[in-house]
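In the two complexes below, chain A is the common chain; its partner is chain B in one and chain C in the other.
Right after this comes the complex of A and B.
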């Protein structure tokens, strides 16, 4: 059983010889915000210890403390039972702690070996020696890496392998992996988890941050759930405690969870959601027609290759694919910021090919861009200003802004879409990611005459509560008859809410199928470029 | 040279427990100015000049007579106009360092139009309004070139406006050297390379109507335009557009605002302010075009715009400060033998300390959650 306790207290582990790294009452604050409070947890040799929790729960902070990026404000970290106070990553590396960060830190233009040498070699860099070491590691862990391949030419999965080999080459005693599977394909995830398993078996303590429950089932020996900077639950038999762990993570009964959410977390089959799928029949003319759209970039490389797709009112179509296979270009084409080199885009009965963004907006196209900071919103402006970030919707009189009208409408939108902020005039950048995304959704979904909503990676970086809210909003729009195009790299998310799924690979749609969990394997294969 | 100023840095701090709150945007410049003055005085002492005499001649030059005050105010008016143009374009994250050239072409246009026969006889003040409008048009074109280059092919506006300034400054030389252009008829070998004096009716009216206190309409005009700029930037849709494009061109474009149009219009306006400054200098103060006409006013005005950090009140305040500072400095050189360059040192110190303080404050801002 797990010692779940709402107050966050738990039986303090006595030091055990197997503990490689342990936290004792550790607290870390950023300003007045306590990222971690009084955390006690031990990581043992030979075990894979998963850290589970929502975004912002404190998982990454915990890793960063162990790796020396941050220093604890209170409490103690012990390494093999002795107090350990790293003043920077250098100290941690010397002590045998290695970390794979959430984002790649590789030089694309250099070979695999050169990337390994980077920051490791002193004096003369013996390429051949490093290549030999790499060879030895790859055979030991069953990895497939060519030592002299250019990193920029590798797939995302192979790059993640390079990151891990970069750690393993130091023969670490503790390996920290911060969401290493977030960007990987199902097959690649499996391979990576096998490597992780093997590293642990060899006696290393592995700390794996994840929010994918399937991974916990497969690989975890021990799970710690972090919520609001505290240890919310621990389990030594994670395979049996999945539901309890999720409950501890979101602190709510599972029954109250949005079914699509539950499904994308891997808890239930989502039968409730799928019943809807059958209900949708043809509802008249297509809301969106993408007709043989081709996009070439400035260097002439084809980014989208004759993509054809139609969506009916009320339908949710998901586009899945590994990032960089044309999703961004498709999003830009549909936002009107990137005119296609060939093909047509028709919203309702208006041909919008080559028209400016405002024409797309006027035709009823709402866009939630994949990068809300770059395109969706302006962080330096206020929340109200961002809710009215649309030329045709800024209320003016004689060219002057009607600030009071804007403010009142903003308050209404905030209430309707549950955007939580201390007021409508706060800086947009001060909102949490979830509230920023809800504000962008609020603006796009209240667009007059909304016919089509493009939601690109709408839940990226959001916590469970916000993800659920976003799903609810998307579904509500679909029920109003809005056609929805959902572009996402999270296969489970798409399977959970889309009626139809199209797979994008190297700019082409390589397959289409109904959005059902049973299609998972097939879609995964298509995403990896295997023809079905 | 890259200059960038965050368009708005509105922060408030508590200074004393009575609950009186003073914006940091005020306390920091004031403290910087005072500190810079202190260093300046220290330098005067170190140079061995008599402190009392230096101070008295400084004050004399800045405030000593209605003539001195008028000259300082005229100077401040030019600085204000340039500064207003700067913060306008800067709201769209554009850095107009070309005011010097915009002043120069404004001066050329104002002179040329004022000397056109018949202009001087226009009724209802049109005799000085028309040359002024011509100067604004010339400045707007000069700024607009940089705007179009930036919007069309992405040329850095810092480079293009600077280079355009050099061209404009030499255009002034050409105009006053060539009899075919604006040089006054050569009657003897001693004829100076400058234009004919402009007719009296084309001169900008003096507030007092008295050449003993020659404060012209420039400063009232600058006050009025400061209010206009504040309203446009803060309360109009175009201000919203400028800000959106300045912060994030991609998001602004997606929102239906044309970034190209915004950039070009911002530069047309900034250029027009520069041209207007040139008109005020020529029609209100110098009355004839000479080589070296713009003489650094554009660069001083640029500093005024930078220090104002996006605030129109800041522009006026800084312009007044610099106006009096310059006049006082010149008098100090003559009266106490302290080089007028000392004023430049003080100006430099103010720039460094204000921007340094701003940098420090921005970094000190509490981390986001």
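Right after this comes the complex of A and C.
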């Protein structure tokens, strides 16, 4: 473990022959915001170098600078010791740098082979030759891909595989992977990490961005922690330094961390879970009943297939599954925005099947939608207005809005839910992601007569502090007797806070179990479609 | 309808479909790369005008054709600069260009030809390939055409082959679906889009010049008369595939030919209805297919890195 002073300087970072790529005092600003300040770090051949940090810490910016998507404002990037200033991805690719991007960088409407050819050749597209190359690579690394399948028809895991192969086919000297495992199943993650390991052994310098500590334990030769755009710590023996790395990442003692948070980060086994499970009393009347709900989309494809689920007051039920297996549809059905083709939805003792969203709200259903920008809030309106978007609660006199009363109520909500903003009248869009999410939660959880809270992907894109706050709020609601349905693609998150977990696969609930870390393997298998 | 009349009808349908075909196939390439080139109409008109002026001043229709292509270049460059570099709205900038071209060609026409309007301009001669011209009745009516007509099928085949079998074709496809991915693969989406707009300009120039020096051997104000918009409609009708777009162009050409055919056959329909028919057909085809189309995902979307 090498401590770093505030200026981010490190004695160890003189150029060494093994350094394939190095950053020297690199700064990158976006407007007035410094995404990276004075970063000095070196990546060596034959090593897997993990970048650890919270959302927004600057990891992706660092990768994008190396790949030429952005250009540094100050400092120097060196490739094999020589100054390197890529003006675009083309320059970096030519220099032997390949990158797997955080979000897929594939053309859905083209075949796997066409995606591989893109930018790789000129003149006639010799598809068969590329298919042969693909075959050779996939057998070498133990992967499986159909060369002429359309990328849009592939599963998430297969697409990630195409991304990797797209890089490997260029025989890169430096391979950058920006959170490649965020969307993958446990089994797929294992396979990917094996490939990463092998690529490094073959002499490539691998840069792996992740926030999963288990991955660091498995593959990292070296870890650099990035916090607020600066290098916060570095370790050459990451396996032994996990706790110190986490401390550097969140800048707090681990003991102060929420136990669920600690568990979803992978630092504690989660003895908390059992204590929580015991808190649920004998089964009483259900707060929410989803009875054989089926949803067909406009083209007649079944998106939800006879989903049946009941939740008691105070219970937290997690829905896990690979994205696109019906989670969005389930969320829409429960928000009242998508009437089911069959089945019933009962909140408390009211049958709400086919009723409009207002009826759901009135019956005590709070909804934190998965896309807080598009559905959860109106970014151009003020924070106060967003907290009162729900018409029935707006204070008025003679039909006119009582702004002062609204503002005072907003201030109370902001204090209660720790929404940090310079005032209640700022534009919603100017808040950070975490504060936006807390504001949406504030609005939904202060709904009078709240019985059920649907939280879809509530922590997506949030930093550790905000995630912890969201967990705290959800747990507080459940202690008040609110039934909670948590839809999340983060398996560890669900295991950490849910009492019960249901797995969605191709629109069906294929299994249910208690929310315990011991169930991780079994749930992973169910998510992948293997029956347990 | 007699066989002779049918032959004439087929011949004029093909002739009238030619400018649409050239422009539509060019537009197809643009749209596949994500650029909705509303200025197609203006490009065609500029091509018709420059072709006429070039042919009239040099006395050679072939030189006129080349001058048409060169003259449309700046129009295409303005369109590319506005929509790709400045990321302006593609439809607004295209319509603006159309108005600009209509004004400047009208002005130029009056200035250059002035009193000599209605003067015949040297144009391409009709010709018919051996063998084909010996077919009774049809040989003369269908296959006696300007050489450009015989070149068009080969041009279309070549474009189809480039789109289907080359890396450039894959890059064009990617620029229209996901320019960011193309860029991250090391191919400049900006360059591809500039390239396709210039290419569309050349094709529109050919189409426009075909009207002025290939078909009627004169220039009149606003003579393209919406052919550019019809070509855009053909691409939509063709669901962004080359062969269906070609069929749509032939259909529109046939509808236009009907204007002349029906009165000749003694069928009396108000001429306004006849002149309207290709446009109504285009409107119906686009409206009827709306929503069931699969346009390139990044169509008309400017690209930001």
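Heads up, the rule we're going with is that the second predicted complex is superposed on the first by the 521 of 532 C-alpha atoms of A that agree within 3 Å, B and C clash if a C-alpha of one lies under 4 Å from a C-alpha of the other, contacts with A are read in each partner's own complex, and residues count from 1 in each chain.
In this text, a residue touches a chain if its C-beta (ideal position, glycine included) is under 8 Å from a C-beta of that chain, and two chains touch if they have at least 3 such contacts.
Note that the structure is predicted; figures quoted are calculated from it, not measured.
Of the two partner chains placed by superposition, only chain C is touched by A:88; chain B is not. Residue contacts after overlaying the shared chain place A:69 against chain C, while chain B stays out of touching range. By the touch criterion defined above, A:528 reaches neither chain B nor chain C. Contacts of A:244 after superposition: neither chain B nor chain C is touched.
Shared-chain residue A:391: touches chain B; no touch with chain C. By the touch criterion stated above, A:30 is placed in contact with chain B alone, chain C being left untouched.
Look at A:156: by the touch rule set out above, it reaches neither chain B nor chain C.
Within the superposed three-chain model, A:350 lies out of touch with both chain B and chain C [touch as defined at top]. Ranked by how many residues of chain A each touches, chain B and chain C are led by B.
Interface of chain B with chain A (complex): residues 7-8, 231, 235-241, 243-244, 247-248, 250-258, 366-369. Residues of chain A touching chain C in their complex: 67, 69, 88-90, 93-94, 99, 101, 105-110, 114, 117-125, 166. Within the complex, the chain C residues that touch chain A are 165-171, 173-174, 177-178, 180-188, 297, 305. Within the complex formed with chain B, the chain A residues making contact are 30-31, 33, 335-337, 356-358, 361, 367, 369, 374-381, 385, 389-392, 394, 396, 399-401, 403, 429-430, 432.
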